[in-house]
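Each of the two complexes below includes chain A, the first together with chain B, the second together with chain C.
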Partner chain A sequence: MRMATPWAVFASSLGLFLVASGATPIAAQETQVGSLHGNPQAGKQDYRRYCVGCHGPDGDGNGENAQWIEPRPRDFTAAVFKCRSTPTGTLPTDEDLYHSVSRGFVTSNMPSWLPLTQQMRVDLVAYVKTFSSRWRTQGPGTPISVPPETPATAQSILHGRELFQKLECWKCHGPAGHGDGPSASTLTDSKDNPIRPYNFAMGSRFKCGTTNQDLYRIFMTGVDGTPMPSFSDNIQPNDAWDLVHFLRTLQPYPSPEATAWHAWLPQHASELKPIGPDQGEQ
Partner chain B sequence: MINWSVKRRDGCSLAWRTALIIGGSLCAAPVSSADAAVPPVDGTRSTATPPTAGHPDSYEAYIAARGGVLPTASRFTYANGAHKSAGIPAFARKYGLACSACHTAWPELNAFGQRFKDRGYQLGNDRDSPIWVNPSYIPFAVRTTPQWRLERTTHQLVDAVPGDPASGTVERTITQSGFDISGADLLMLGTLYKDITFGFVPTVEDGEGVGIEAAFVRFDNLGKTPWVNLKFGKFELDNMLSEKRSVMLSSNGTFYQSYHFVPVGDGTDFGLGDNQIGAEWLGHSENSYTRASVAVLAGSDGVPGLPSGKSYDGTFTLSQAFDAGRLGVERVGVYGYVGRRPTVFETSGGEPIPGTGTNNKTFYRIGAVGDFFLGKLEFLPLFLHGSDDKDLAGGTRNATWNGALLETHYYISPQFILTQRNEIIRMSRQALVSTPKNLGNIDAFTFGYRWYPIMFSRAGLAMLGELSFTKTIGTVPLSGDGVGLDPLTPDTPVRSTSVLVALDFDF
Partner chain C sequence: MSTPYLSLSAKSLMSVGLVVLTATAMGALPGPAASAGTISGTVTFTGTPPKMRPIDMAKEPSCAKQHPTPIMTESVVTGPGNAVQWAVVYIAAGAQPSSAPTTPVRYDQKGCEYLPHVATLEVGQPLEIYNDDQTSHNIHPLAKVNPEWNKSQPPGAPPIKASYSKPEFIAVKCNVHPWMHGYFAVLSTSHSATTGNDGKFSLEGLPPGKYTVTAWHERFGSQSQEVTVTEGKAATADFVFKALPY
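Let's turn to the complex of A and B:
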């Protein structure tokens, strides 16, 4: 048989270029992250490739793998999102969703999609927003302001510890932040699925980020769809920073807060009252 | 994955299957010229054996005329179509992701899958350690390929009268076809502990026994940095264009000619696509856009048992990816491999003693590779320059050659892909001045499709069709079945055609 390489190359290359996919139009919804504009149609292609197995073709969190996944994949049709920079009950910004896709979620099956191009991630955000009419009737909330961080002193940490007791964070997260508080086993999310409180001893990342600013934002906006409320009405910004500094000391990793705390603690350990129900009754 | 049968002209025939990371000749061994004179086990191929004794125009006479240098090990041939590495449904089952999350079309990795692999087959979402895995989970997958195939090779030397070896030799076209099966890859890769991963891939071939395609342990994110990852054992080189992950499976199309080419008469037992034994350092950026690796390897082309000398081979890869927006992730890279092979062995009773090779001679391969996306269209170009020392190439000067290929994929959807590949090999300098410059040159072309009617996080099934041609000047093709003997004259173009229709499943 004779080689027909040039013709074969031409024919095959032409064929590859001419084949087109059958895509259906999607109602455009404005999505913008920085200078990038999201295209839901392009996002649909990527959603089918990367996301559909868990979140399902209809975005309702009922993909083929959902039954095996704990916690369950997000239901985009409800338009309730955990990680936001906006007040509780409001829609997140496009940047919030973009960062969630890029970062992934610790203690869940949602990985970081950082290897995808930025445009692809923005397109995915645009497509996710097509699953709920809420995006057509409401705009995202106004991001809360995060004031400059206060110094991470021993006094700040100690005050944060008092707030951890006072606000009853320990009831879910446990006295040592291990996610084993007395209420932990009873918690459910907004779909009545069991949910575990965050265990500060398990990792260096939080559900919605890694920085102190992220941690501040988490309890000032709340984690919608879970029992974790917003504390923006309960505590002042400086108090919130104190709580951030204390929570950092619960993590088994080096940090400025842990350094300050462990320098202060040996001489004052006897002055501390244990966190927990007994302390609360005093 | 699976099933490719590698046939060397030294007579060693062993089916491979491949596996994810994998590749490597299971039958290579130091071959002395005495070994080369032994007829092949399966009687199919042996270049060292005079193809047409007494024929005045035979290749033997040609070889004799160019200095009497007979090839020692010689080139090998892939045959019996098939396979390569695999996607690992066990990972999909563990993480609940569909095949398409990590693969452009399995088994080829996409940018996300590359990062997953670079992290030690971990997603980094704190669900990597076995403690998070359902106790019933087993990190095991299997891949094999039932198929119908046709192999047609021209200018094959056959007895003039069938059954009468004394009747002389004539050239004919040999056509073989029928239903067939590939061997099976048993893919076992899992996480021993966070950041510690093992891989073990035995291959099973009907009538050929069991081989070890890959066996390694890797330690990742040492010092909590993605730049320090170590791997020990037998594994696929960090080839950016992975032969083990090719989506093409026919006899001619399943491998890259550039990865296995050696000049006619050359005894170098090495293939870039073969799994090697050694230790590898891999470093990568957080998103794996920047990647680099360096490996120190045994000089045995992946054959265990210390069969060669005491020297080591070395290789490096370096690649950088770029964010091209909606077009996709574009990557360019360079690679190099330097090896040494012994030319003298201690002997006992005239038989070489494994591991005693000395008087090593050098060979190298260097090149560049790319992976470019234009939306659904992917281009995979590769360039290779090769050189073998004159003592390895059986001549008076170093042999050099160049290879280039362009592979194209069009992803109609994550479940339907069209493929094509063009590849050429051109000798730039023969080891012997008297050797025709174009002896051994190769042109290859493959076209095909893969359709994945089943693509879940539990298993995958691909239905594929493929047509592949090669033209090799003056010698047997690297692939295809046929007889496996060189044509009578060195300027004869030997054409090989592979047709494959197969079911490729991975569970």
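Let's turn to the complex of A and C:
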């Protein structure tokens, strides 16, 4: 082992001093998920074993595998997270990060980490929070409220379809939700890497969960670091549920929404105006 | 009241002349402004700046029809005499701290263009973003030091209100209309100016003292100079950026 420079000796003795005095050199905001308390020191061990290859020793998303990975691994030093229950621009809750680690990110290289114990996952969340000073200066945002879901009627779906047109979701996600809208090919994430809008017809689950509540949260809070904006300033809760119900009909799954829609559609198809640039433009 | 010149180059005679007029006018006013000085100058470039391109808005007809002649990209806008427009010149050090103004800075999305291209605001100052178009925009300031957020703003929606707690030059884009590109210059000083097509700026109301004056441009980067303001006199700071075609 080479330890020649006076600085290295000093740094090493400083580390010993910190450990000896009981202070933790990687202190961040406390981490709590349910009854489990996160320990960043323990999380560091697991991070070094399971996460470092992609996310890198410094948490900047530049691990040795990163160059082969698309989309790129998350850069924890930026503290910008896609899946949040909190408003756009705010930090996610510990639960949000815990669910992200547990669930993994579909259509990416990030697997589900359910094989790790709950305590390990909470420790990992605690360690991930040490990579950005934002966790020491700001608390997480206040989660948005998700009111009880309204019934998935044909009227609700129809109104959701109007919102899909009016809010111009189709400009990126395409008139049929295939991710092929007029702006789709130009999209980049906040690090200037190309990124695709979600293709509802592909049948993959959403990045940030599978339930209608998850879908509600995704477009209300936005997907930070990507082109997907937050709509919480512009949509009332009932309207948001209508949009959720319509979006479900774009997926190739049997669902209560799809059933209601396909029961209604045959008699009314001729009444529908096509989604896209011909309508709404003046 | 006579205002003697401090030091000036022949090149900046004209701008200093303007400043002297300003300083004289200010000197005529009663109150503490009498002792305040001004730093002024011109931002220019040498070399070959990149060519700006016309913007094709065919994908957004409601915006395209507002521009009978296509508007140009604005990353590098130059004027006569190699002047650089949209440079932000500000006091980076030396000025007395002041509390942020409560008057909001207005930022417009109009004709699928950001007006102004560069909006200057102070740390903590309210910012109000308007959508004057008949299309939805998403306003996405790509902050790195401050929190990054991204909000949708349909036609007729109320202004989006925001503010920033740390100084930063923040690129702003609309993902729906990828040609839309602007900047928020968040500064920790009230002394700032954005150059027009003549490249000129003037920082006024500066008590005598030593200042660090910084000029920032989105493509050319930052330059700083130390400038001393003596009571009742006009000081000059000219900035020359090296321009590369790409």
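In this text, the second predicted complex is superposed on the first by the 253 of 282 C-alpha atoms of A that agree within 3 Å, B and C clash if a C-alpha of one lies under 4 Å from a C-alpha of the other, contacts with A are read in each partner's own complex, and residues count from 1 in each chain.
Here, a residue touches a chain if its C-beta (ideal position, glycine included) is under 8 Å from a C-beta of that chain, and two chains touch if they have at least 3 such contacts.
Here the structure is a predicted model, which is why all the values come from computation and not from measurement.
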{"item": "First, second, both or neither for A:49, with chain B first and chain C second", "value": "first"}
{"item": "Partner chain(s) touched by A:127 [first = chain B, second = chain C, both, neither]", "value": "neither"}
{"item": "Chain B versus chain C as contact partner of A:261, first or second or both or neither", "value": "neither"}
{"item": "Which superposed partner A:81 touches (first chain B, second chain C, both, neither)", "value": "neither"}
{"item": "Touching partner for A:118 - first (chain B), second (chain C), both, neither", "value": "first"}
{"item": "Which superposed partner A:135 touches (first chain B, second chain C, both, neither)", "value": "neither"}
{"item": "If touched residues of chain A are counted for chain B and for chain C, the larger one", "value": "B"}
{"item": "Chain A partner contacts - residues on chain B that touch it in the complex", "value": "95-98, 100-101, 110-112, 114-115, 123-127, 152, 154, 286-289, 323-329, 376-377, 408, 410, 412-414, 418, 420, 422, 443, 445, 447, 456-457, 469, 471, 495, 497"}
{"item": "Parts of chain A lying in touch with chain C, wherever the complex brings them together", "value": "78, 80, 87-90, 134, 138, 166-168, 171-172, 182-183, 186-187, 190, 222, 224-231, 233-234, 277, 281-282"}
{"item": "Contact set on chain C toward chain A in their complex", "value": "59, 61-62, 134-136, 138-140, 142, 144, 147-154, 157-158, 160, 175-178"}
{"item": "In the complex with chain B, residue positions of chain A that touch it", "value": "1-5, 8-9, 12-13, 15-17, 19, 21, 36, 39, 42, 48-50, 52-54, 64-65, 68-69, 104-120, 123, 202-203, 205"}
